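Several structures are given next for inspection.
The two complexes that follow have subunit A in common; it is paired with subunit B in the first and with subunit C in the second.
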Partner chain A sequence: MTALAASWQRRGSYARWFGWALLGVLAYTVLILIYGKSPLHAFHEIWSSTLSSKYGLQDVLVRMTPLLFAAMAVAVPARVGQVNVGGEGQIFAGGLTAAWLVLTFASWPSWVLLPAMAVAGMVGGGLWAGIAGLLKARGWLSEVFSTVLMNYIAILAVSALVFGPWRDPTSSNYPQTREIAHAGRLPHFGGSRVDVSIVLALAVVAGFDWFLRRTRWGLEIRAIGGNPYAAGRNGVPVSRYVIVSMAVGGALAGLAGMAQLSALQFRLNPGLSPGFGYIGFLVSWLAGHNPRLIVPMTFLLAVLASSGDILQITQGLPSAIVNVLSAILMLIVLLGRTRTRPA
Partner chain B sequence: MSALALTERRADLPAQTPPLAARGIVKRFGEIVAVDHADLDVGPGIHALLGENGAGKSTLVKTLYGYYRPDEGELFLDGKRVEIKSPADARRLGIGLVFQQFTLIPALTVAENVALFLPDLRVVLRPDDIAERIRETAVRYGLAVDPAPRVGTLSSPEQQRVEILRVLLAGARILIFDEPTSVLPAQEIDALFDVLRKLRDDGYPIVFITHKLPEVFAVADMVTVMRRGAVVGTAPIGAVTEDELVERMFGGVAPHGAPARPAAARETGPPVMELRAVTSSGQGRPLVDLDLAIRAGEIVGVAGVAGNGQQELCDTVVGLARIRKGERLLFGRDASRWSVRRIRDAGVGFVPESALGQELIWNMTLEENIALGSPRRFSRRKGLALDWSGVRASWRSDFAELGLNLPDPRQRAGTLSGGNAQRFAVARELARRPGLLVTLYPTRGLDVPTTAAVHELLLQARDRGCGVLLVSQDLNELVALSDRILVMRDARVVAELDPDAADAYEIGALMTGRTG
Partner chain C sequence: MSGAALASIIAITFALTPSVLYATFGEIVGQRAGIVNLGIEGVMLIGAAVGFAAAVVSGNSYVGLLAGAGAGIAFNMITAFMVIGRGANQLASGFAVYFLGGGISMLIGAKYIGSDVSGLPQLSVPGLGSLPHPWDQVFRQDLLVWLMVPLALTLWWVLFRTRWGLRLRAVGEDRDFSYAAGIHTGRVQVQALMIAGALYGSAGADLTLAYTKTWQDWLTAGRGFVAIAIVILALWSPRRAILGALLFSGAVALGIQLQAQGSPVSQFVLDMLPYVITIAVVLIWGRAKTFSVPAGLREVFAGTSK
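Moving on, here comes the complex of A and B:
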């Protein structure tokens, strides 16, 4: 293909992106109008309640942490062609193992307990996703199905524990564990709601970016992403990468579960994650699994998620309306991609 | 050569208009001309279309069936010009194609698969009706098929019978069979020929594609030979001999411009690679009890019609296919269980046909592709960093030495032309200084200068003491480059020849299993 043709194609694809984005905003506007509200007010509310207030900004940052981990849980396996739909379940699996550790070894000092909880969360999420990776690498079961189904198992396992053996006897009405020891709680910045796990999350994203670009294994991962068949011919052990990348993705999701428990909720309960795994999936696909785009995309979706509650309170709109906006965003990205027509 | 009947096209054809005729068909795929101004008359009787793999037979009949749109040329049905834009058009006009790979839906029953194809299918299906029609036609032509079971549970000969049945029931009056014997075990082939004869006797014109000479003489009334996309002759079966057909298929050209083999190269070293009674696993045609040795400083050529185990041979040597029985030795060490990575690290290089799709990563730069090929050589700090200046140094020295002068190592592999990509792929492997180079159709589809450049690289490698396994379909290439030629048929080595003594005609005869 000549450079000119390529540039025309690129221009065409930008135009298509722009067109679809415009259409998406229009659709959202119409939806708000149907509810009899002013779209301008709604957009203004989103802005003023999240980005232009201190509390709002903190809320956005707090939501970003699990989303960053969950997005990386999708992005890492996606670079070797694996579709990890199991971030949600892996968050619960990591939360479960971290909770077990902190409830069992509550007397450990903080500097041992916190890293141990992080490791436990990574092991829980990593094993959970590693199973799916192994099934895939052996050619037994697509990771799409196994990860989706294992979501239910992980969430129900947490429920079973907190309704049963792990239930806090003092909070009789709520299915939840006892509060975790203070030594097992992540420190926060100043008096804010933002905890240190966001630093770890950002470091993971930056580290993966460096890893992909600079290391030998990053080169091999990019080769598999480019053409797994050719990569295999170059001696890259493709199925090993499939298993390991799934396990690493799961471990990162497990860290999100650990951080939710340790920094915010202090108790394990069935509400550990209100769908962070699924929104993370959306983020990763919106970002094209590119670490450098994952941070801004996470920020955008955290703003949307945060504004859902605000819109409900101030505008009387159902909070789920931001999910519609997220879904529209996803559609725009999918439609804006250069398509190959089915033959 | 006395192949007058072959050269005078259509000399013995009946004077009346053939039911189906193609004139001047041209079909290109990118730069490759798959069918080159081909004419074909399909008259009454069984018409064999003979040629090597890649000669354009399948492509030609697929244009008759509307599966491909020809770039040039015309089709005539009963003397009237027709436009066939899709398989649906072809079926409406009464042309039926039995594909080489079956197009049945495994989860549906035989009757349902047939029903899908019926032009007069009712909105509400009447299974008994369809089953009855299947039985009727099946009995008539000896196509033993039960309408009830799911297609997925049937053997390949049974599935083929279903394919034939549904083409017949769909109302085809001209039948095309694309290599029908390739999916059949030997004992089923005669049964298929009986079916073909019964169909012929009922007045169906039949086109029968094959690359096997004995089949042509067993069943065909007419034969048309294709070579490199062009029709090179048509004749009634009675008017040609096997020798003449082999001559036509392979061109029978004497080796030309053979780069002189230095005498020193003949005194080859110890074996760099040995397969001992190897049985491989995997799809395709696994090797059975195959023995092969390649010595340092020799080129071992492998000839064979595609699909006779050459791909599996290469996959087995480089570790992509597992060894179930037997041993693989590399450089004197038992390497039967080694991974692809370990085999490459030990000094084995591999160049497939169209490396751009099979070995190079198109969206990575040339530098990155070089590093990917030798990760151990270019790793620094245990892999935490890559030695890009080392890659560039290798680019400046090794690649330049190999005569590869591409402008920019930072361009993406996908921006190279097919020929340059292939040259780059060969150079990339040779820059690793392998002790063994495995190449599978390395020059297929390349133009003449690029082919010469690749040949030059292979000879350089051999002169440096590298053992080379060269699988090719170009017999001239094999004769010109090889120190020994092996012929593969049915996943076995059936002959070993001295290239100085062998000619393309003899090799072709061995490849096709010509009797005598």
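Moving on, here comes the complex of A and C:
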């Protein structure tokens, strides 16, 4: 706990965090007022239907899983100085490979099929991001541009498959695959909507924190993050870390895709991810790529996303408000994190 | 391929090019001044939404175009404030601006879903406009198409032949050195971002006013990001940017034409082509020519995760 407090102190005082939270609430209030609704009513609605209700809390937790993975997909490469904007595409790539596996080997028993799907998802997402890492490490194309463009390719690839060869002939209205086998579905906690993948996601976050602080490789990663030139001079294989960190990040995003398929949707379709990859990017930057802050930040944005849906249903507010608010939050935090330079 | 199909591909290619090219122009100006603007996509969406809304309300597409350009300038000033004013990370704040622009454009556009506009008038060149049928459409294009080449030449002249352009490029190469040499670096960068914003806004407005003529959410579909890739391809030169933008929109037009002819290839595979081709060409053609990268941008890409 003291380490957590210290890490917060390094990023600024509690007062500043409180100020940011206040600004965020203020921005939300203004947005609600613009649409002529009562902010107090809206906030009460948010409270009563997210955090204080069983169903609402489950909804928040269900959203947290893909966001945790997507945030880690950004955070891992970011510690090596890489900007992975391709989480969304990597989620689709992972969902695609996991779907291929479960549709092809539907007869496997659950204890083989589920791990195999997870591996397939990681391979799909990992390769997709690994390509970008390789291009960067070779000095050919910045990962910023390759990942952002590869998002569109991966999403279109999923569409091409589910509108084409993988389309379930019995569901004429929706472009989607057949339902996956029951053996390929992740178990849920005692009749709730929350599935076991959230445990895996939290373990990944904790594991990365331990890895960064307690292993030789973590030390080298932090060295590269501090000064890649100096790290290279001291014999750290920087370009290998670039490729591997991108691939690991992509693999984690791929897991998000696999979990969405296996625990929630049961069919691959173009709506596999409604922008989790992008929100994960915001989460990771809000948390300064620090695993210990990623969990609370994910929680915050999951509540926000959940509240957007609720306000859309109950108050008729457009759900795009959540996008606007997340972006404003990120801009505020970025402002708080700058060092002043000569103008 | 028949002549009619070819003429149609060429006509669509030209019609689609401004939406990418103007964004590329804007990004070239910005990057020459040392700012990589990932917010480009968000600014384009704002330009598209505001331009469309203004055209619907006023009934005049030129008013829409001006409104889109103006909204682009205003919205790009968020990046100016973040990056130049407060020294925030360019890539992260650019991404936030992208997200913000997407969200706000959805809020603006929601009221205009289902509305349509007459679109920018088609202007034809005397003589060429009266060619036999399939070919006349090639030379009947809107104002933004006709302005592509003059604008490229103007930007080239401004960037490479004026004192202001020299200062701007100096800032992009080495900000601290330029500052020491007495250039007001912040002011030059803000001016560059204003020009860029106007161009992004026009590019977005071009999509809604000349191409789709309706509003739909996220309709830029990554064109802003493609524009950034084309900047690399064009080696930061406005004249070469025309070729890059034609390549992208040519790939889009080819996909549209193949679809219209009932190609057995999935529509989605065809939609992938422009992105795949853009990446491939940047890799094949652009990668060995890193000498033309404004030196200041290396700073942006090294250790960017803070």
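Criterion: the second predicted complex is superposed on the first by the 312 of 343 C-alpha atoms of A that agree within 3 Å, B and C clash if a C-alpha of one lies under 4 Å from a C-alpha of the other, contacts with A are read in each partner's own complex, and residues count from 1 in each chain.
We take it that contacts are C-beta pairs under 8 Å (C-beta built on N, C-alpha and C of every residue); 3 or more make two chains touch, one makes a residue touch a chain.
Note that the structure is a prediction, hence the values are computed from the model and not measured.
Using the contact criterion defined above for the overlaid structures, shared-chain residue A:243 touches neither subunit B nor subunit C, since it reaches no partner.
Contacts of A:219 after superposition on the shared chain: subunit B is touched, whereas subunit C is not. Residue contacts after overlaying the shared chain place A:146 against subunit C, while subunit B stays out of touching range. When both complexes are overlaid on chain A, the residue A:321 reaches subunit C alone and has no touch with subunit B.
When both complexes are overlaid on chain A, the residue A:227 reaches subunit B and subunit C alike. When the two complexes are superposed, the chain touching more residues of subunit A, out of subunit B and subunit C, is C.
Within the superposed three-chain model, A:82 lies in touch with subunit C and out of touch with subunit B [touch as defined at top]. By the document's definition of touching, of the two partners only subunit B reaches A:235; subunit C does not. Counting contacts by the rule stated earlier, residues 227 of subunit A appear in both its interface with subunit B and its interface with subunit C.
Against subunit A, in their complex, subunit C makes its touches with residues 36, 38, 78, 82, 84-89, 91-93, 95-97, 99-100, 102-104, 106-107, 110, 176, 179, 185-186, 217, 221-222, 225-226, 228-229, 232, 266-269, 271-272, 275-276, 278-279, 282-283, 286-287, 290, 301-306.
Every residue of subunit A that touches subunit B in the complex is listed here, in rising order: 214-217, 219-220, 222-223, 226-227, 229-237. Of all the residues in subunit A, the ones that touch subunit C in their complex are 78-83, 85, 135, 139-142, 144-146, 148-153, 156-157, 159-160, 163-164, 225, 227-228, 278, 281-282, 285, 289, 318, 320-328, 330-331, 334-335, 337-343.
Chain contact summary for the complex, subunit B toward subunit A: residues 318, 320, 339-345, 350, 352, 357-364, 368, 371-373, 375, 378-379, 383-386.
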